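First chain written, first letter: the chains are A, B, C and D, and each begins at residue 1.
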Amino acid sequence: MTAATPTPPAEEPRPSRVAFIGLGTMGMPMAVNLVKAGFQVTGYNRSPQKTERFAAQGGAAADSVAAAVRGADAVITIVPDSPDVEAVLLGADGVFAHAAPGTLVIDMSTIRPDTARAVADEGAARGLRVLDAPVSGGEPGAIEGTLSIMVGGAEADVQAARPVLEAMGSTVVRVGPSGAGQTVKAANQLIVAGNIQLVAEALVFLEAHGVDTERACTVLGGGLAGSTVLNRKGPAMRERSFQPSFRAELHHKDLGIVTAAAREAGVALPVATLVAQFMGALKAQGHGDLDHSALLLLVERLSGRAPR
Amino acid sequence: MTAATPTPPAEEPRPSRVAFIGLGTMGMPMAVNLVKAGFQVTGYNRSPQKTERFAAQGGAAADSVAAAVRGADAVITIVPDSPDVEAVLLGADGVFAHAAPGTLVIDMSTIRPDTARAVADEGAARGLRVLDAPVSGGEPGAIEGTLSIMVGGAEADVQAARPVLEAMGSTVVRVGPSGAGQTVKAANQLIVAGNIQLVAEALVFLEAHGVDTERACTVLGGGLAGSTVLNRKGPAMRERSFQPSFRAELHHKDLGIVTAAAREAGVALPVATLVAQFMGALKAQGHGDLDHSALLLLVERLSGRAPR
Amino acid sequence: MTAATPTPPAEEPRPSRVAFIGLGTMGMPMAVNLVKAGFQVTGYNRSPQKTERFAAQGGAAADSVAAAVRGADAVITIVPDSPDVEAVLLGADGVFAHAAPGTLVIDMSTIRPDTARAVADEGAARGLRVLDAPVSGGEPGAIEGTLSIMVGGAEADVQAARPVLEAMGSTVVRVGPSGAGQTVKAANQLIVAGNIQLVAEALVFLEAHGVDTERACTVLGGGLAGSTVLNRKGPAMRERSFQPSFRAELHHKDLGIVTAAAREAGVALPVATLVAQFMGALKAQGHGDLDHSALLLLVERLSGRAPR
Amino acid sequence: MTAATPTPPAEEPRPSRVAFIGLGTMGMPMAVNLVKAGFQVTGYNRSPQKTERFAAQGGAAADSVAAAVRGADAVITIVPDSPDVEAVLLGADGVFAHAAPGTLVIDMSTIRPDTARAVADEGAARGLRVLDAPVSGGEPGAIEGTLSIMVGGAEADVQAARPVLEAMGSTVVRVGPSGAGQTVKAANQLIVAGNIQLVAEALVFLEAHGVDTERACTVLGGGLAGSTVLNRKGPAMRERSFQPSFRAELHHKDLGIVTAAAREAGVALPVATLVAQFMGALKAQGHGDLDHSALLLLVERLSGRAPR
């Protein structure tokens, strides 16, 4: 936790029983970290194998959303896209239908800010305390518990959720009211995609000039051009190793959120929008399952430099 | 110095007498750091006040290039643009006309890679050992001696120049033959301009959505969106404080080098080129003397959000 | 009609009674042209003044969609956006609820292709013959009856609708099945916006160089750079006269359709997308009510050339 | 000739003897049209075969620039690029060294406006009357004598040159002083490249949606999206027929002029610059010898739709 925050009021008890819905690449290690931190965690996933695997790591297994939510102080959801969040929260057999009034409902998926706001309003009407809390840091951050978590919702609800969130991330910041977490996540995805594209253009430029890119990256990283993308993705990009830590097709989905949210707010994002076209092109070229840093392939093909 | 390098051959003596031509915002503190490191430094600048100011800080003052260069083991030049470099090196009364064979000539200006190569060839024909060694890190890095220095030239010449360069920078990397230093500097300027533009787009996007950008930057910096630009420039951008540490008009000049060098190499840089247009627009709008991070002003005006 | 088409089967009678819903800037003159061509036209508009004005020009006035649709052989709708089309066609008191099986339902609004397909499917399930038939040519084309009409739907239905459509347009082309008309209209709006932007960039470029743009446009129009945009919009752009014949905010809406449809099809449109950002910026700057050719203002401000 | 122009003063005799230097794809038919119009034309080309071919069509053959220029009232040059123009005009054995004072020197090459101005100044200092008069219309226009000719230079000199120019083009317009012809040609190339890119994006978009593009082009051409590019290039683009009428690599060269001239004037051209990157990419991909309309290939590959 990096931002100073006031002590929560004494009377708010620490959540102890957590329902965790969505045990995918990100969700599984996050739920396991909650178990390790001493929470009683009941997990649910559409495919029961994952729920079983979670049970093998100290969690409890539920065979329905209702069963997972029953008796929980906090419910966490992390699913692929806006319609999935709407289904799991608002559906006839969803979280809102079964959670007790006062329950913390923390959606950690990456979805549209306006969907997050609508869902939070719907929850509030039922007496639930809904937060949007998307994450940055990828699978490594989920495993290590070092995620950055950007939270939108009421100050008191964020405070109440802090013990849970801090078991999963090292940077937990309330960035504003409902939807604000998703807005910041959108900004995050905008910058990350752009930084990848710029490193890709720089590498292709340097290679075309015959420069040693390993040495170049060392010196670039030491100056104002340094970035987490350059540090973490640069070496693999130089070696054309695109094992996915975050798939291009997911980043494409997220950039759709960025452009929609920018349109809604009346903001022009010329460079981000252009990068979004290239991420979409990468997917259209059949590389949606590569790491998003495979934008490098697109840049080098554009200049006729691809291996054929 | 971050890159491991072989020990220089024993017989090469450490340069002791250095001529330093160009005592501007960057050159002056760099020359002073050489004095502090124990070199005998003779400075020259077109405007004699600067030469005098250098003399007041322990340097020797020369009233001509010829006088500065006479007897020097190494000559450093750092002047604004390609034509200035050509004038000071190749001119009738320039460095090449007066330097003794075997002298190290280290040009630390930011210029076109092809000009750097041409100048090095010309120097080699006269028995001089010419390096291109542009820097990154700005005025603070020049003062603190923590510049990143990207060097192009023969391995032995770079080794010979290391003691001099390491008195001015903390990262000194030979990135290839003549011109390679300038190529890497071009890549540096490409990435930096792009990163500024992306942070600007993200900030305007967040402000339009009413998000607290200070908290947002905290959490963005902790994830994959983190960058030196976000850390160093973000706070001032949020406050619209554009006191120049590097002027937009200079970055515009440098992006001209990037696009020319990309064209020469047959490389397409769609995003970098678009950013270059915006940096040019910022200058055209009369803001060339602001810090390059003032790209933020352009982005917010584009979306009709500028203070009128 | 420019495309050769087979003679319609003899047994299909020419529609004679037409319901016309949406008597706006475009709809009114289109409906009047139907009256002039001898059709019995019953008009309906949400604001009754427009319905009355239509009655004064030879049409019949209806005070509800139901009343307009009753007994009609063909129903034409032309309303602002996708939700309006859904409301007027699918609503409880809408066209589909009241039209007799076999009725031709011709939507001439500009909407999303997927909405057009969905609506056509819904209509088919009720025995209606739905076409999407958006138009190009603006208010002048609507008045003169020289619109270009791009039609999607079944061949036989398009043939049956031809007499009606040819009373409003001089180019009536079936471009494919349901939704294809809207897809072609999207392509039309893509090209038009782009051509305006290019003429704007060219004019600002020429003005900055002090060239007489009137003479320049004459010679540009005579070569490969010639376009309908240059001919029709160029003179007003040169004079900064932006009385709307098509408002920027409507073009912004249409470019949202383009980018959504491109995303759906997995197509990258880098230049169109960038132009769409600028059209959005024009609206965000408060100029959504100017003609779309006011992109010129944005281009000149970008280069600091705007009158302040 | 489309623009009204005052009658030339009576005392200026019509040029009768013309030297024509540069008998390439464009130059040869232009020179032949001068012969047909009754001028005495002496041709020169570096490769003597072309000069001989010209002689076979009624021209006189010269074996040097000096021989061609001797006794000419007007000298026309049309060569590939700026350095070629400088060589043929300013070289030791060039046009300026041999032309008599008062001679009209009409350069019809496409070069940088600043080079055109410099050359004109140099010519004026020797008493020559230099015009820049680049053309649009391609090989067909050169053969048919229907070129658009955009002329920069003094009004009286343009008047004197009119009889010569009107033998080659149907639109001859003085657009301003020296260099203005080249500036307008640059604007022409900006618009043409952009229009090609937009038609390419529209076609790929339509194909991806399964629309019949022949019918679509018919209806697009009838509305505001119509353009000379769509009419002349559209059919071949649909059929992927890229026999060059104007090679992509030449257009790439011309777009380099556009971006340099925009930079010189402090004008931002975001869309034109992006298109220029794609034209450069097309060349880098090895397609520089295809027609410039092959931008379509690049657009479809970007979206993964290329035939492999």
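Note that a residue touches a chain if its C-beta (ideal position, glycine included) is under 8 Å from a C-beta of that chain, and two chains touch if they have at least 3 such contacts.
By chain, UniProt protein names: A, B, C, D = 2-hydroxy-3-oxopropionate reductase.
Everything numeric in this text was worked out from a predicted model, so none of it was measured.
Between B-D and C-D, more C-beta contact pairs join the chains of C-D.
To overlay chain A on chain B by their CA atoms, one rotates by 180 degrees, a value rounded to a multiple of 5.
Chain centres here are Cα averages; for chain C and chain D they lie 37 Å apart. Taking each chain's centre as the mean of its C-alpha atoms, chain B lies 54 Å from chain C. Remark: chain B and chain D have CA centroids separated by 40 Å (rounded to whole angstrom).
In chain B, the residues that touch at least two other chains are 266-270, 274, 278, 281, 284, 302-305.
Contacts from chain C toward chain B in the complex involve residues 270, 274, 281, 284-286, 298, 301-305. Taken in their complex, chain C has these residues touching chain A: 256, 259, 263, 266-270, 273-274, 276-278, 280-281, 283-284. Residues 2-3, 113, 136-138, 141, 147-150, 170-171, 173-176, 179-180, 183-184, 186-188, 190-192, 194-195, 197-199, 201-202, 204-206, 208-212, 215-216, 218-220, 222-230, 232, 258, 261-262, 265-272, 274-275, 278, 299, 302-305 of chain B are the ones that touch chain A when the two sit in their complex.
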